[in-house]
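Shared chain: subunit A. Partners: subunit B in the first complex, subunit C in the second.
Our next item is the complex of A and B:
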């Protein structure tokens, strides 16, 4: 029991992360209670995505992320790939909109209209396929630049900034890939373009993962300062981290492409 | 440094200093607790005045090499560490402000 409590206790508590996850769950649940019917699988996908993001940031897992490169890579695989992937796959807009108080839903048409208009412009720019793909891969490279990684892991503020950028960028990217249903402000790409974007982001991730895996040099020295969470050869830790950056991350693109094709076939069936 | 929780400090550049492992041990805290506190206050600390960083395997001079040897022998360094962060009394006082660490 003590062990479970210890595992559930965050190593580095973050009020913004806790509040964001709690709001995500509460608003979605409120939407369901107000009549939105997302279906079992979308709801499961949404809660699993939010739950995974919470688990790797606000439990003792975060301790391992800070003291083991491989655990850090798994944390970012969830923050940037799997968690946002599951949330975007569930297309929760309608449920979340139903769950929001009416006053909040009216905000974009009220006094804050200029702000929301500017936000929409920024969003549309960030969701241009080339920019979205470049940002998605670029952020991974940026935070894995050894000097930047060192600073990010040594500063609590920068650490949380890094994690937030990964989640937000992950949500933007996977939202663009899985966007469907009623047209919103997200650019609607054809299935072919979505698959092309997914194909284009794979080689740079594979190259980076392979570079880390096969590098004969200890690239991320921050984990040597206090020592790793448990005795493990630094190079083995780095190799496992490299493999996580390489294989599952690239496989997410394949999985997403299959899902995009399945949506296309489903739509064709509905038309027929 | 005389109560039962205290650890004997080492001396570096004329300053009494503690390693992160000593601070964790002194507080009966999990590995990484002192490092976490250090990370929270690092922006306010001045390197080479309030804390020192020494490469364990390649210390800059003979004195540092001797100190690293002594610290290893005393179990004052985590075995997996390759870099020793040496905390002065001033830095420790700041770390106490962000974590429940006892007075030295």
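Our next item is the complex of A and C:
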């Protein structure tokens, strides 16, 4: 019987993931202690987002992600959609800035200035709506290309690289969608444009999910090659994975569009 | 022009990443090349004679490793018949001794004697080994594989999910190729010969 301790133990411990999650929590908490007042719901959304990303990568759940296609799809739904969605929704910039040591906050104006300027240019390019949407959908297709998926699941280094690209891209995308408050370096899109981007990323995700679900052939041989976590019909595993790629992923666009509209109405109310 | 550059950059990145992945996997194999993707051969198991067996005992010749169980109704016998045919085809005219290690992930039912009887049936090149479940977990994890057990039925029989791949290592123990169920015996034989030749 698997006990709670066994469930909490990471299947493949990853120091970078652990450190990133720990820093995300510590800096945010420090920001709150230094007087930043994000409010209950944003704080809950932020910690839930970080917690979910940690849970699917640094607990025994990761074992299932590696040896069941359906569990892998759920892991990526959280790494690329739900986790970054919740973090970006909380717009934690002010709290994180308050939590960072002053020396770190001054870094962009110090000797590393050219580096930060280059980073800023790259960031702004990646945050062009067309490019952001293209990358968001493109990455899902890229890692689900059967040959590439095979290598990514076979090599532990590529596996972590894949998961990092999903989280980073998820954060970029949802940040662009939920960006609000004081203007930063993220391009500010109108609510209509945000909803347009959200609508445009839906059909390719639905098409891919439906294709996997209804495909009559076993597309991802790697799970047969490496063995599954428990005996399960490969086609059933693939169908569940396809449905996860299809329905909840597309629903996230709808949920985000409703939130973008709600923000817009709230702003109108404040003006009125 | 500047606008074009902006759009081109991410696409080039994706393309570069794709090429990198293809390069990692190795393209010259007729089966699946895994150089750089999986670690070297290393294990400590119990052989058919009941003695400890390690990678040092198999050094000097290419080794094919397979994870299975002797009660396996389909995947394992098929894989063993295929690899026996491929090693026979590849072994002609080669000085090198190709060897196949059948690692049972079902130590509850497979003891060394049973493994010896099972592997003898396929080829002299095939030998069996097993260990306790914990050791097998570590070994399969090293090669990014796993196994699991079903609930036993009223006769005590149970199904085991396991890897269907054959991992091919060269004489120095470097991971070179992965044989999948979809690879043909001819392709396996060609790659075995290639790996045996260095």
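FYI, the second predicted complex is superposed on the first by the 270 of 272 C-alpha atoms of A that agree within 3 Å, B and C clash if a C-alpha of one lies under 4 Å from a C-alpha of the other, contacts with A are read in each partner's own complex, and residues count from 1 in each chain.
By our rule, contacts are C-beta pairs under 8 Å (C-beta built on N, C-alpha and C of every residue); 3 or more make two chains touch, one makes a residue touch a chain.
Computed from a predicted model, the values in this text were never measured in an experiment.
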item	value
Superposition on subunit A - do subunit B and subunit C clash or fit	clash
Which of subunit B and subunit C A:221 touches, first, second, both or neither	both
Subunit B versus subunit C as contact partner of A:100, first or second or both or neither	neither
First, second, both or neither for A:25, with subunit B first and subunit C second	neither
First (subunit B), second (subunit C), both or neither touched by A:128	second
Touched partner set for A:154, first subunit B, second subunit C, both or neither	both
Which superposed partner A:66 touches (first subunit B, second subunit C, both, neither)	both
Touched partner set for A:200, first subunit B, second subunit C, both or neither	neither
Which partner, subunit B or subunit C, touches more subunit A residues	C
On subunit A, the residue positions that both subunit B and subunit C contact, one per complex	63, 66-67, 154-156, 221, 224-229, 231-232
Subunit A partner contacts - residues on subunit B that touch it in the complex	20, 30-32, 34-36, 39-40, 42-43, 78-83, 85
Touching residues on subunit C, where the partner in the complex is subunit A	6-7, 9-10, 14, 17-18, 21-22, 24-25, 32, 34, 36-38, 67, 140, 144-150, 159-165, 178, 180-182
Residues of subunit A defined as touching subunit C within the complex	63, 66-67, 125-126, 128, 130-131, 134-135, 138, 142, 147-148, 150-156, 158, 221, 224-232
Footprint of subunit B on subunit A - complex, ascending	11-12, 63, 66-67, 154-156, 159, 221, 224-229, 231-232, 234
